[in-house]
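Two complexes follow with chain A in common, the first pairing it with chain B and the second with chain C.
This part shows the complex of A and B:
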């Protein structure tokens, strides 16, 4: 049941696929931040059309399983004439899914900004767009940085689903080894440990950031 | 796009949706039961039990559910425990979601002011009566929004069980796709069905929330 050979295989597979997992996490994190920023802007400053679009986006993303979203996107993009490698489709799907949660996080961050700042910005003659881009959004992101990092670690935990559309990340690499060696404990234990380790690295980063930002929040 | 190809397969898809609903309901029940045990152990157990539960909670928080599913499905049989896909799925959902639920319940119980317990003891109520008549009814209202979010997450994650061939909605969809050769239309329609199912669940929970929190003077507490 336990063999040193399989363990070695697993560790070397982990060494090469951990980059895929991290790439998925980072890529999806960036997509999530962009989608969340656009969505929260539409929600708070886009009139009733923007509000409706943003609400619909959040509701659909939170109301359907990520697995289904992955498949809809990866079959839907080619229909639109867009051919992308599976890893890019996975980054897009996971990122757009997470963007719904980022919308809510950023909304909290925007609402925490003192109204006086926006009045002051209007006073000195900044345009609506400039106020949003220079005053509101940067502070909203700073306000919610710890929450955003926590969202990052949730993205990390979604990445194994990319294997559904044939991206070989850490978990799927384990499945492949398991299928060949019929050994399981020495395959899945190191992989599980790797996720927990990366997860807590992110968590510690979030806690550290929270402490760094505490004085600024006053 | 032609959704008409799906018409002959609607009964099959409906059956899958029904199974997903049952699996989710069953797993929510087992997770709540396990969460009650975890909460009890965390608040009343010995130091060793409290420590074990704490470590277990932190491990699960850091683990992707798909990875946990493979651990349960592949590692248990290698330890001589035979388990079929359905039970592996229920076990995984329970192992994964019960610590989240337990944290929500524990937080809610701790939010009940201590003075209420003291007052209960003063007027001579038994410890059990204080728990069941004073603490839990209020804690239920506090915990409900968090528990509802977790239950909705659990329901969405039942789709992941299709990778180990549990016969639920996503699995039925895969079978239909292999007949219709229309993956996009099929998955899009299925996404809509999931959305309706989860929206109904969400609406139901909000109604329940209002009923459980009826005694609160402030409107709009919760979500």
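This part shows the complex of A and C:
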């Protein structure tokens, strides 16, 4: 049932939706890193209030399905009078969900830093904030890089969920073609290849980053 | 940190609000639709012939064609919001769009949303090879015969339920043989392994048209009818009423039956009231 026509339609749909998938993935990745950094900072240096808030955030995000979070965020916010474009709602929902896992990944990275370094930083007179921002967090990220790459791949593979709030990304574009052509392989093989290509490109970036960060690793 | 807590508060209150309140107490969406000259239609165009996309990606099908004619009557434009089906009813309840087509009319859904008068029906039918000894689609005529069905589908489940009734009445059940695809059931019918095929009527009509070599015939309907209609948020009774009135006009002038012939290959009488099933 392989048809050149279906393949052409798929490639053209990929051309227009690969940007949506990239935007969702990079956007959610950035939200995840920011949310994870803030949350791990609160957990390890924010007193009991910070600890509680961070734990609550991680529990809520890890304890509910991403699908539910997506629906709550995109249909709950308008009820509060906040209107956001669907793609932004999807980026926020996927990013905040992933941020909970990033919190735990970064926590591992922070705990791996030798305590002597922090003592040394105190000795040279750095403030608590400066120690956190210049000594602890960068090394935590460097330590956690392999886990963060894995988390990024999960973000990439979560993006098709955005189709339930009217964001047509690569997978749903394929579903639309499949529904009229009744063929699957010539639609979803190119789409699978596009996901692999995105992930591979990101892995290459991570390898490069890993080399840059190597001297920082504690 | 402050930022995070704020967003968490917003998130949690959104959760509470979305659980507690189904829609805002505001004006009927009909006013907004007429004022903006725009009817926002949520659609998952993956269900041919009801709603699908053509090669250029344009949304086409039976219900989109009716919706566009209805919008024309109201003097508004149709704006499609394309999304996967699982997001459609939650979005409708949250008021994210005005109407969504092609929903099965069920008592359970009718508690959450309102229905415009149905535009179509889904029903099962019996297909035979002409003169092969099956007199009609009544279950008594099928008793003891072999019928081909697609595995794990609604028609198969319906036939199993009917078999229970036959056995209770002391009659021979219909022997069901299951296949993966409609082509395989048709092949079983044509080479005599099965005396009939039970499936959705529009599917069977297409098979009859496709296999002109085999003297296939849809001998009649079987089981009940399930209506298919458009859903509207319960907060907008005026919008539901206006859409129903426009559909009714299109039924009266013959447009709807013309479209039924075009997309399904058969026509069906549509009810204007009391179409919500009791259960």
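One rule holds for everything that comes next: the second predicted complex is superposed on the first by the 195 of 218 C-alpha atoms of A that agree within 3 Å, B and C clash if a C-alpha of one lies under 4 Å from a C-alpha of the other, contacts with A are read in each partner's own complex, and residues count from 1 in each chain.
In this text, contacts are C-beta pairs under 8 Å (C-beta built on N, C-alpha and C of every residue); 3 or more make two chains touch, one makes a residue touch a chain.
Note that the structure is predicted; figures quoted are calculated from it, not measured.
Student: Quick one: is A:39 in contact with chain B, with chain C, with both, or with neither? Answer first, second, both or neither.
Tutor: In the superposed model, A:39 contacts chain C only, not chain B.
Student: Contacts for A:124 in the overlay, against chain B (first) and chain C (second): which applies, first, second, both or neither?
Tutor: In the superposed model, A:124 contacts neither chain B nor chain C.
Student: Regarding the shared-chain residue A:82, is it in contact with chain B (first), chain C (second), both, or neither?
Tutor: After superposition on chain A, A:82 lies in contact with chain C alone.
Student: When the two structures are overlaid on chain A, which partner does A:195 contact: first (chain B), second (chain C), both, or neither?
Tutor: first
Student: Which partner does A:159 contact after superposing on A: first (chain B), second (chain C), both, neither?
Tutor: first
Student: What is the contact status of A:183 with respect to chain B (first) and chain C (second): first, second, both, or neither?
Tutor: The first partner, chain B, only.
Student: In the overlay, answer first, second, both or neither for which of chain B and chain C A:66 touches.
Tutor: A:66 contacts chain B only, not chain C.
Student: Figure out whether A:4 sits in contact with chain B (first) or chain C (second), or with both, or with neither.
Tutor: It touches nothing on chain B or chain C.
Student: Kindly classify A:175 by the partners it touches after superposition: chain B alone (first), chain C alone (second), both, or neither?
Tutor: both
Student: Is there a shared patch on chain A that both chain B and chain C touch, and which residues make it up?
Tutor: Of chain A, residues 60, 67, 71-72, 75-76, 79, 163-164, 175, 178 contact chain B in one complex and chain C in the other.
Student: Touching residues of chain B toward chain A in the complex: what are they?
Tutor: Within the complex, chain B contacts chain A at residues 1, 59, 61-68, 70-71, 74-75, 77-79, 152, 156-160, 162-163, 170, 183-184, 187-188, 190-191, 194-195, 198-199, 202.
Student: Any idea which chain A residues touch chain B in the complex?
Tutor: 1, 59-60, 62-69, 71-72, 75-76, 79, 153, 156-161, 163-164, 171, 174-175, 178, 183-185, 187-189, 191-192, 195-197, 199-200, 203
Student: Using the touch rule from the top, collect the residues of chain A that touch chain C in their complex.
Tutor: 5, 9, 13, 35, 38-39, 41-42, 46, 50, 53, 56-57, 60, 67, 71-80, 82, 96, 163-168, 172, 175-180
Student: List the residues on chain C that touch chain A in their complex, please.
Tutor: Those in contact with chain A are residues 1, 3-5, 7-8, 10-15, 17-18, 21, 24, 42, 45-48, 52-55, 57, 81-84, 86-87, 90-91, 93-96.
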